[in-house]
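Labels run A, B, C and D following the written order; every chain starts at residue 1.
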Amino acid sequence: MKTITFDQIKTSSIALEFDELIPDEIYSWTEADFAKYQVPIGNSRFPLTDFFEVTVEGEANGPDEVEMIINGDLNRVKYIGCKMSGGNIVCNSSVDLHVGAEMSGGSILVKGNAAAHAGREMSGGYLEIEGNTKEFTGASYIGEWRGMTGGQIVVGGNAGKQCGECLTGGKIHVKGNCDILAGIHMTKGVIEIDGDVNRWPGGQMKNGNIIIHGFLGRLLEGFVLNGIVVDPEVEGVTYEGKYIQYTGDIGLNGKGNLYLDAEANKEKLATYGELDDEYTSIREYRNL
Amino acid sequence: MTYEPPVTDYDHIVENCTCAFCGCNCDDLDYLVKDGHVVAVRHACRLGASKIMEDMDQRLIVPMIRDENGELKEVDWDTALDKAAEYIANSIRPVFYGWSETSTETMKEGVALGEYIGAVLDNQATICHGPSLQAVQNAGYPIQTLGEVQNRADMIAYSGSNAMNSHPRHMARYAVFCRGYFRQRGRFDRTVVTMDPKFSDTAKCSDKWIGFEQNGDYGFYNAIRAVLRGKELYQDVISGIPKEDIYELAEEMKNAEFGVLFFGLGLTHTLSKQRNIDIAIKMVQDLNKYSKWGLTPMRGHFNVNGFNIFMAFECGFAFGVDYCRGYPRYMMGETNTIDLLVRKEPDCFMVIAADPGAHFPNGANQHLADIPVIQIDIHWGPSTELADVVLPGSFIGVECAGTSYRMDGVPIFMKKAIDKPETCRDDEWIVRELKERVMKLREEPNTAPKYVPNPNAL
Amino acid sequence: MEYILKNGIVYDPANEVNGEKMDVMFKDGIIVDDVSADAEVLDVTDKIVMPAGIDPHAHVAGPKLVVGRLYRPEDSRRGVTQKTKVLRSESGFSIPSCPATGYRYSRLGYGTVVEAAMPPLEAKHTHEEIATIPQIDIPAMPLFGNNWFVMEYAKDNNIEDIAAFVAAWLKLTKGYGIKIVNPCGSEAWGWGMNVHGINDKAPYFDVTSKEVVVALAKANEMLNLPHSIHIHPNDLGHPGNVPTTIETMDCVKDVKKGSKAAEIRDQVMHVCHLQFHSYTGNSWKDAASGAEEVADYINKHDHITCDIGQVTLDETTTMTADAPMEYDLFKLSGLKWANKDIECETAAGIIPCIYSAKNPVNTLQWAIGLELFLHIDDPWKVCLTTDHPNAGPFTRYPRIISWLMSNTRRMEMIENREVHKWAEKRTTLATLDREYDFYDIATISRAAPARIYGFTDKGALTPGYRADIAVYDINPNDIDPSRQYAEIEKGFNVADYTIKDGQILVKDKEIVKVKESQNVWVNVQGWEKNEEKVINNIMPFFTQYYSVKWENYPVHDHYVSNPIRIDVDGK
Amino acid sequence: MHYANTYLEKPVVPDVKITGEGTTDVLKCMLNTGSDIYQGACKKRGSTLKEEYKNASGTCYMDPRDMAKLGVNNWDTVLVKTDFGEVVLNCAVSRDAPHEGTVFVCKGPWANTIVSHDTYCCSDPTYKGIRCTVEKTDRKVLLMADLMRWVYKKYVDEEDDDVVENMDSLGELPVYHGRKWEELIDHDL
């Protein structure tokens, strides 16, 4: 087992790109290697040791035996764990864009918030964010119709817009609230939301499952009400309680399932179509 | 408004000039020239005419540099270019923004400079039709040239676009009022629908106005798609529109022989942004099962589409291209001007043929107050108030020739009609000159030595 | 500068040189018989020397390419490389950026690529892209098959005016020859319809596809154009399209070749991406190969040449002026659909396409392509293409070469179930053991396309020709292509040397020099009066129904800074 | 030299006479921005420093019923506030009325101070559909150059908004140090 600790010395206003500092690349590096390494910042490269003090302990024969611990303010450090296939990364702060993007294995723990594109197109592994995430959590690269294909993302706080866009596998679990258009274009996989959802989950979804335990503001017309199910089982997990089940999005002949907690959405069937507050949609979820 | 007699006092007429205002690129303008100035314009709309007969009080004529007191000082070209090149050469995260009101010939120099130094190149699409392009990338792009609309269309829908105000000749020349080969009676052969929360000037001359509620676009189009699939709507009112109206509209759209959806910033700037257009495109694709439908984004500047096309064939991405690692990168939220400025990343900002001062939100512009700004433009505008180096360019389509692309992608060669002021330079020359100076200052661009391309690709 | 390529093993079918060890010399961009003692020696001992490749049908520049690039950033992202001291950055896999297109063709040892579809209204755009692609010569083919004027003239059987119109439009668009795509079908697409078969009429215009094709073929011969009509027949990609294909080929068999054209080419019709036109059956459920029937027709008739459009089993982007077909494909795949209709002229459709070896239909297409290569006896009648990017990117040519040269590999793919069992069940591929040799490969990728296009200065190593030469690091005396197919693919993947107009662009498999590309266009002489008359006749229509002014229609010289003009005596 | 007149001092708006004080001090509205033909014409002819651009772009178009609620008439000044900033604007009756509860400000430096810069990872800021409040004010609408100085303070040392707002106006013409043309023309270039 090898532990590599990055202690921040100073921050940069222009983001550092950490796509080369993943366990797959650095499992054999020594402290001397890190001292030589230049990290990309904007159109230039600067010595990594200007920004981080790197301590290496132990030995590793492959990425799986690596643990990276990154301490400091990482709000301008992007691509952490991007394309990694093994190992373990712990970030003791909020992180910038693309954390865990395209990862295929290993695990990342972010003890703070993550910026947009967290876990984009990941195909395996485990990404946990204790705080909130912004837009496109577990989404696809723009234009690509195959998004996240495997692995699991857990968001402790709220998720921004278009969480799980084009989801093609794997699971996203948001413990807080979710902004508009969660699971848009999804074709497979599961999105579970413990909190409330503002508008329009599952737009243009073809297949897959969305489970919302909280209140849903507005649902799209493309969803057909199936009725109430008790203790639905979705991909091997049973969700206890009563749920309102919809199928959609009909615009695409979709066969996706949307489960709404019946208790939290008591009024849904009766006063369907009530407007929610636009104000909420723009501001509230953003700053939570 | 008062009556104005026609202008009769002119030396000569330059015919078939191309308008350098909106994405319509009307190429039938006649300039009346006297003493080397355009004194009147025939055929142009109010917007086109106002641009071509510019206000010379604010014309930028001489290069300027901000002095230590914060005031602009006129200098010679060498000094100004050297100063600008120095800013660029010393920057780590330069952003070159604009390009939409200049020629593709200038862009060619720009992309060479940007690729050399490792800059972000972005254009006005980033704040107007960027979401449209993203939607196109997700959903597709069924488009047609404007002549197709003129000759065939019997149903025109404007969504979130106020053509009468921002593309005044669009309805007259290409879409609604004009006679077409299969639409010999012009306006009478066409149904016009405007979908807009506002009862805009375009809505006023339409047959039908669908005033869906603000931010309700996505729900509205989703409902139309559901209806096209034969679904019964179970809400009585969707996004502020009674369901009967939606049934009726869907039926009308299905029965059109050739329909076109023109959409504008009303869709791109609201709550669900690119997804509004995404679903509108999907709707158009569905409609093609019943009849022929297409769509066209109502592009704002005359060459905003040109930059997207140009960048696409130069590097494969349409806008917001980041060359900082020596290869092109395009990522929403990361390589776009507004996001970069809000994140306070850029350390040098070059504005060419654009006006962020007039168009960027405060939150983004605040960063321009902290970094050097180089402006290449023809008029003193809000951005000049933030600029540290001002380089006076010339006016494409009037003082200088160049290529532009209309909103539907038809290339137009904009010809030169009059001479530019003696101290101004062509944009192309300015950018080339900057490129050469930057190359001298920074002989070896400092780019990433290592990059492993996707092994699956080749 | 003088050079001598020493001791290479030369394949030059145009001069009937089949694997002889000999020197090739060139001076100031031209191949010569002899050079002085000062000539620089490039040692290519035991390496294959061929004329530089000629791609007779690819989509590399133009409006639909750009729509593809614009709306497929996920494709552009594949194949991104960093800039170097010599090269700019590259991007794209199936639709590479312009610089990447030039570099990759050059690495493959190609020197000339024909852009197969140029809408006249947007010809300026095509030429802007051509100017951005480095390294290669690019003739472009303007589209005529759905042009309103052509359809009107064809209805009246007014061949003379069509000829004048074509002559004028080749000048206006700086085009090389007549391209016809789904005649009358793309016009029908203007109303969301298509034509079915060659005897179907375009709505309103009251003219059949056959009438348009025959009229254009006659006009083509009347003008003595170096290339014949270049046709993408109706019903592309539809099961059961063999009769349409054969009828299309058959309808011009009595058209007499222009007297001067006959000296430089054999055919009166070139059918492109024939693979997509050789399906039997009624639907994809019972579709099967019609390759034998189609190949048989070609074997028996000398007025037809073709290229194949070989499916390479990759994820690619399909784009064609056959817009209704693309919409059909979209309905099958449900991925994103782009379409571009061009007023009074043509239309185009674009969709991403995943050709998978696991998919029965894709496998069938793959097998049919190879069948055609193997069934058509005379390699001079067939060219190597993937209809880039429709059936696969051009960067897969070496792989196709390895398939053609190795029956072992083909059987391995079929028997190991690397491809779907339809390859065996519904085609004759498994029964064909023909293998191409290097001479045949040189024919289908160099000599034949050059002859088909009537190039009189490339495609051969004849003294006086342009010095377009490719050298591959393969020793033909030391390799068994049937077994060592992987080496064949590797060898053809990157040329050791690519020489274009005497300039060494690729050396030791690296691009060492970047050269500006050149547009090749045909200037018909002797028709000026007729052209003027035709233009005067159509001017009122043009003014009323085109959305640009006449002045903005032609390609100004500004866009073709460095063209190769081919003067043709049309009378 | 006679130049054809392509612009107007002020946009033409419907005439309306609001009498009375109004019923509320602060009106909660939805803010929309966008272009209109007056703003476009001024911007592109390059008269952005002038009064006419201020009138075209620095105007808050309102529904007459909303104006009655506030008790304001055409070309009175109002203060519009959002979470992103505040700005003083003229108010005028919207030509696109009725749209009660929505105000429209043409894009330009004035609108920029109050629109949202949030792009939600979509490159495009949120220019439309922003909650705002509108109230009557005595403060004046700043000319473009003064407004840019007040908002961004790039070239003034003063940080206090009120002080900057009340500085001497930069006026309607460009302010710069001129030199003689002849000195500057480099004929070799």
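In the analysis below, a residue touches a chain if its C-beta (ideal position, glycine included) is under 8 Å from a C-beta of that chain, and two chains touch if they have at least 3 such contacts.
Since the model is a prediction, treat every value here as computed from it, not as a measurement.
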### Task
If you tally contacting C-beta pairs, which comes out ahead, A-C or A-D? Let me know.
A-D
### Query
Using CA atom means as chain centres, which chain is nearest the centre of all the protein shown?
B
### Cα-centroid distance, chain C relative to chain D, in whole angstrom
57
### Task
Give, as an integer number of Å, the spacing between the C-alpha centres of chain D and chain A.
40
### Task
Express in whole angstrom the distance between the two chain centres, defined as the mean CA positions of chain A and chain C.
45
### Query
What is the distance in Å between the mean C-alpha positions of chain B and chain C?
35
### Query
Could you say which residues in chain D touch two or more other chains, in rising order?
30, 116, 120-122, 126, 129
## Note on the structure
Going by residue number, chain A touches two or more other chains at 116-117, 134-136, 141-143, 145, 161-162, 252, 278, 282
### Query
Which chain C residues sit where two or more other chains touch them?
71-75, 77, 336
### Message
Under the definition above, what is the set of chain C residues touching chain B in their complex?
### Response
61, 63, 65-67, 69-83, 88-93, 95-100, 121-122, 124-125, 128-129, 132, 189-192, 204, 327, 330-331, 336-344, 347, 350-351, 395, 544-549, 551-552, 556, 558-559
### Query
chain A touches which residues of chain D in the complex?
30, 83, 116, 118, 120-122, 126, 129-131
### Query
Tell me, which parts of chain D touch chain B in their complex?
1-8, 12, 30, 32-37, 40-50, 84-85, 95-99, 102, 104, 107-109, 112-117, 119-129, 144-145, 148-149, 151-156, 173-179, 181, 183-186, 189
### Message
Considering only the defined contacts, which chain A positions touch chain D in the complex?
### Response
116-117, 134-136, 160-162, 278-279, 282-283, 286
### Message
Quick check: in the complex, which residue numbers of chain A touch chain B?
### Response
13-15, 17, 20, 40-45, 76, 78, 97-98, 115-117, 134-136, 141-143, 145, 161-162, 180-181, 184-185, 199-200, 203-204, 218, 220-222, 224-225, 249-253, 272-273, 275, 278, 281-282
